[in-house]
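In what follows, chain A forms one complex with chain B and a second complex with chain C.
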Partner chain A sequence: MTRLVCPFCGARELVEFEFHQTLPEPQAGAYARVYERVDHGQDSIEHWQHLGGCRAWLRVRRNPWTGDVRAVALEGSGT
Partner chain B sequence: MNDHAARRGSRLAPGTLRFAFDGRTYIARAGDTAASALLANGVRALGRSVKYRRIRGLMAAGPEEPNALLTVGTGAAIIPNVAAPQLVLREGLVLASQNRWPTLRYDLASLLQAGGGFFGAGFQYKTFMWPSWKTYEWMIRTLAGLGAAPGACDLPPVAIEHISCDVLIGGAGPAGLTAALAAARAGARVVICEREPVCGGELEFESATIDGTAAADWLETTQSELLARDVRVLRQTTVVGGSDGLLIAHSEPDGLPGANAVYRIRPKAFVMANGSVEHPIAFIDNDLPGVMLLGAAERYLARFGVRVGSELVLFANHDRVYAAAARFLAAGVRVRAIIDSRDERAIDAATAGTGRARTELVRAGVVCLPGHAVIAAHGGRGRVRAALVAPLAAPHATRSLACDALLVSGGWTAAVHAGMQDGGVPAVAGSSDAAAAPDRPAWRQLAGASNDALELGAVLAQGHRAGERAARLAGAGAEAGPVPRGQGDPAPRLVPFWRSPAARGAEKRQFVDLQNDVTVADLRQALDEGFLDIEHVKRYTTLGVGTEQGRTGSLLGAAIVAEIQGLAVSDVGTSRLRPPYHPVTLRSLAGRRVGPALRVTRRTPLHEWHAAHGGQLESTGLWLRPRYYTANGADAFTAGIAEAARVRTRGGITDASTLGKIEVAGPDAAAFLDRMYLTRASTIKPGRSKYMVNLREDGMVLDDGIVLRLEEQRFLATTSSAHAQHMLSHFEHYRDTEWAHRKVTVSDVTEAWAVIVAAGPGSRDTLGRLLGAEWRGSLERLNHMEFAHRHWRERDLRVLRASFSGELAFELHCRPASALPLWEALIESGMAPYGLEALDILRVEKGYLGSFEMNGQTTADDLGLSGHVKAGHRCVGSELLDRPAFHEPTRPRLVGLKAADGRARFLPGAQLTTPDDPVHACGFVTSAVYSPALGEWIGLALAARTLAADGTLLVARDPLRARDTAVRIVPPVHFDPGAERLKA
Partner chain C sequence: MAATGRYSAWSLIRARLSRGGYWRPLWSGRCLQPGYDVVVVGAGGHGLATAYHLARDHGIKRVAVLEQRLVGYGNVGRNTTIVRSNYLLPENHYFYEDSLRRWETLSRDLNYNVMYSPRGVVDLALSDADMANLARRGNAMRLAGIDAELLDRNAVARLVPALELQRARRFPIVGALVQRRGGTVRHDAVAWGFARAASALGVDIIEHCAVTGVRAAGGSATGMETTRGFVKAERIVFATAGHTGMIGAMLGVALPIETHLLQAMVTEPIKPLLDTVIVYVYPGHGETYICQSDRGGLVMGGHLDGFPSYTREGRWDRLEEVVQGAVDLLPRIGALKLLRQWAGTNDMTMDGSPIMDRLRYDNVFVNAGWCYGGFKAIPASGAAFATFVATGTAPDLIKAYRISRFASGHLLDERGAGPFPVRL
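Moving on, here comes the complex of A and B:
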């Protein structure tokens, strides 16, 4: 999809967001957290920042093959 | 042949105009395209082919035209490669043919034709090598390519429009219009993109009735109803590509760049009704002018009233050819013969309609030859004059049929590009062997010929169903109306026939892709040399590249490759479709974002002053900053030295407003900053600041800066200008993840504070006089790294005693509104400005780190910041600091450099080698400046630890600038190593 729904700003074009990284395994050691990425199967869980808007960090669950966005949540909201 | 005034049967408005082609003037009707006008004037030769330079004429009536690409205009602002069928003429237009020299008729390079075998497929990989390719460069440059590139462009920028609608329909033929009608009646907001200036598709020439009325009337009433229902019809607009729910459409009115527009369309549902593209059959010399596609000739007759010939021979493998022949006869054109590759039994099994049509044609004197093929086209003086035909059962029993136009149709390829670009190779399926799209998401549907439906009744039904479904998907639920019933040309009942029989030696004159001169022999050669995959065949032979993108040649080539290998076409497949579907200029894609509008420009509050006083402004990142001031020297080198020298002797001011500034506040702010930096911020007392370094997650140094403790729970972290954006995102990331439930706020205040640095021996006295009574005494009491916050002229002012130049210096943080008054007051007090060039000289003299040293590949130890690494302190990046790789003896170390002879020059980027091993680098020069304080060139470098003892002699090698300098390693602090000036 070429749009992401920011929890604060609503549906915005993808160019307003910047991809940071796919999430590492949180319990992993420092090396794994920096260099290794987890294969979540169908979906990729990623960090994006809404740079062109409210600058919130978002946790996005996305299918990297089709680009379908399944869920967008504010980082730190406990999901 | 064609009387301009009459043009019986055309749909053009009255009125004539004049245009020029290859130096001669012709008359055309208003609304003519270059193609129709040249045909009407009897001009057959419109260019030469790219490789063999064979004379070529028109083949098609749309953008799939492979041959007739013309250059429009004269002088520097020419426009090359304009497809003649798309170019609508206007008064005085000057056109020229391409790929020929000196003239179209007498072309020198066509002598290369004699070496036809030499230029087989992939010749460019095997030739032009001895003695060196440069020997042939001039020839390749002259001969290669389509047309000549323009030298100037004076066209206006292109507007980009964003459209959000319920249903987007690609194509306004019968399927598209029916879909639009159904969707609009159901209540959806509909947008249609139609590539031609008129709607109708095949209905332009097909003999059809819809709902009892003639097709032309149905078109008119349908378009009126669509208009009444606010359906937006974008004419001369093609959907060129898209993905992920967004489609890009490009509009090029009249076929010429000029009034282009680009549409970014986001529909809730997309119906692809783009029709199909006819492709030819390959036979010997099928590229002669006068050999055209059947549907193209019909279109030239129906829309423009132009007869492509007076005596036609038709060659096809389906029933439509009989309907077409009947139409030509009715228009008064003599049809000599119809060559049908299908044998008698295949035709007799057809509907009664075709049988009847055939009988009438025979009665009108048309020779109908089933089971025959055109073996070769014979020509003379650059045009076809006869067709050599033979029965397929006995290909040598040829006979010649005189004609002046040979119309060919081998079937159709569904035009599915716009839907296929985000993945998937179209599967080849169906009895007509036409390409069809595989599974697609629900929001995208095919209808009509794009969906392999070629009979009008099915086309209309599919269109209606697709439109209705699209409207439902978009949430429009009203009644979509009845399905129109139509009767058009009979179903084609096509039997695949791709190429006529020919001897091996003659295969190199059977053309498959006319634009790239790809012949059957080339395909066979590619297979012989092992390029079996269709993608390899495409790249090796250049089949399907160019402006035409394989519209007429791709499927034909794939089918012939399949035949040669004995495979089914569906097993071979066609090559992957890529955007754009239609040539789009880069100018169109850029829109208005050209020149200064390409990126945001950031200006400091003092920008106007710099510009007005000789400051040479340069882009650093997005900021404009002065590199030097012209009053101090004619170029950066001399001015920089003069400015730096003056700072050390008297003093100077510089605009440092671009520094990143982040305010971190809250009860957990101190703990937060402790985690972000190598050393602790919590130990800073309010009113003091500290130089701090932070790391990336992988342990490399990220940035450095000064952190001020404004209050117990408020800090101001400054960053380098280059890393400001990154550092802000870095802090925000941790605030939102690990620190989400703690009490800390992170705010970007970079643009809330302007920063002026006053540096030099006289800076304190000057400031003391300037700042007035409120500051009396405070400035003298300020120690290094302390700051005070008071006012100047009733506005906030914070003065921090810190230095990036090694001199006694004060950073003045003020509100942007008071920056200019403060700066001007300083100027009046006798302080002179210095720019980035001088800033760099001063910091290299002191060995301070810049972005070339903190390049993301160096650790704290490398840069001499080991003092900042405290055992037991956990912060971002600290966990990976103990990696063995970070403690290798070959890791670089920051060192200073001086020329061995005290005079020579060396430049940043030079590689360092030891005198006895000139090949392997052991480091490189990161910064190098001419130091006025020391009178020689000095630098900073990263050199391998094992070799980096002070006094070591190395060589700085700079092969790019042809300069090798002997250098000596010295401590990085070149000037005032005891920091006496700082403590003044």
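Moving on, here comes the complex of A and C:
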């Protein structure tokens, strides 16, 4: 994983992006949201920001076990 | 003892005279037995040290260490070999001080030279605030009987003549905190030394044996499914820091751990230049820690890559940042080539301190969440965790590392950064 494809700017180097957090499971309670990480080997949904580019907040679907990036979408775009 | 007997000057002479055939493997190649009193998962530093102390201190005869790959393939061979006990919080500095004292005598205890080198760990200060912060940490250490010394700029220049202090910097180096008993240990020798000593006490070390599941009845685990079949176990120890998230997935437990990559790199070997460990955290950019190996290579590391990953690929901009820091401190190394770069996976807990506790079943123990501090913790962790596993009661030294601290609010937040696994 050396690049991410920003929906606005296209493929850019990883240095331009900042990882923010792995989104918790929708039903998770307060403790789980703050402290627990579910590590199930499948894709996780993460918030990233294109900090060194258009500064858009992104919703990235990625597998941390393999490093594969499945999808990058604009946060709030509903995709 | 498995093969070569006790190492000594005499054994060296005998080996020289016996024309080959004298040196034997460091640990026996006994294969997996159907059942054990304790099965340790992970033949890294912590797993091997725990097995060694279970056999030596608690007389537990049937112990096995299972390893998915090779002895020392994981983080025990991927760190930057630094040992120190310069922590602020009492729970941490007493624990790491216990570890540092054990490093001092480990070569003798194991009869294996781990090359402990107390060359001093120097944390550089770039501002008055840094100095105040380091003074506070140093004072906390000294109150606990741990050596710490605050240096001004001139003293830093005398201690580390190779450092470039004259160049105009936005954040000039104004001083440092040094722990002189801190230093480096040859990390591969630690894995091999513990494996050899454990094997000599009858511990089975099983390489290329991956655990695929835990079998349980009621509230207790009965054994483990492995790639070499089922193995019965009275007690199970997971010492797989870096991959504890995967163990959580196997047991169906969500852990307060995020898995991140940490890179290290080494230059081509040069003549002696640096006889201390330098830690350089520069505002707005990053971090570089650097020391010179006995072979002459400059070993460097820095921040985490910054996002969850198990891939063991490092990101290039981080590598660049670490090298920039090193060249800034030691401009004369700018022409050197990097020989190798690698990454290890780190269990990052939500407060930066480890977890040593039971997990899910009353006879399953997990030694995890070492963040960046795993290597230096090995001797203390092995001894204390073995006591925990053997007696069922956690010794005082590791009581604070229970997993329930996150829910009860008794966090050990060394950085004062709040409940985040990473702060860049």
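Going forward, the second predicted complex is superposed on the first by the 75 of 79 C-alpha atoms of A that agree within 3 Å, B and C clash if a C-alpha of one lies under 4 Å from a C-alpha of the other, contacts with A are read in each partner's own complex, and residues count from 1 in each chain.
The rule is simple: a residue touches a chain if its C-beta (ideal position, glycine included) is under 8 Å from a C-beta of that chain, and two chains touch if they have at least 3 such contacts.
Note that the structure is a prediction, hence the values are computed from the model and not measured.
Visitor: By the touch definition at the top of the document, which applies to A:19: first (chain B), second (chain C), both, or neither?
Guide: second
Visitor: Based on the superposed arrangement, let me know which partner A:32 touches: chain B (first), chain C (second), both, or neither?
Guide: Touch partner of A:32: chain C, not chain B.
Visitor: Which holds for A:10: it touches chain B only (first), chain C only (second), both, or neither?
Guide: After superposing on A, A:10 lies clear of both chain B and chain C.
Visitor: By the touch definition at the top of the document, which applies to A:41: first (chain B), second (chain C), both, or neither?
Guide: second
Visitor: Check the residue A:2 against both partner chains and state whether it touches chain B (first), chain C (second), both, or neither.
Guide: Both: A:2 reaches chain B and chain C.
Visitor: Applying the touch criterion given at the start, work out whether A:67 contacts chain B, chain C, both or neither, answering first, second, both or neither.
Guide: After superposing on A, A:67 lies in contact with both chain B and chain C.
Visitor: Do any residues of chain A touch both chain B and chain C, and if so, which are they?
Guide: Chain A residues touching both partners: 1-2, 18, 31, 34-35, 67.
Visitor: Which of the residues in chain C come into contact with chain A in the complex?
Guide: Contacts found on chain C: 245-246, 248-249, 254-259, 306-311, 313, 315-317, 350, 406-407, 419.
Visitor: Tell me, which parts of chain B touch chain A in their complex?
Guide: For chain B paired with chain A, touching residues are 243-246, 266, 697-698, 729, 732-733, 736-737, 740-741, 879-880.
Visitor: Given the complex with chain C, which residues does chain A contribute to the contact?
Guide: 1-2, 13-15, 18-19, 22, 31-32, 34-41, 44, 46, 48, 64-67
Visitor: Hey, which residues of chain A end up touching chain B in the complex?
Guide: Interface residues on chain A, with respect to chain B: 1-3, 18, 20, 29-31, 33-35, 47, 49, 51, 55-57, 67, 74-77.
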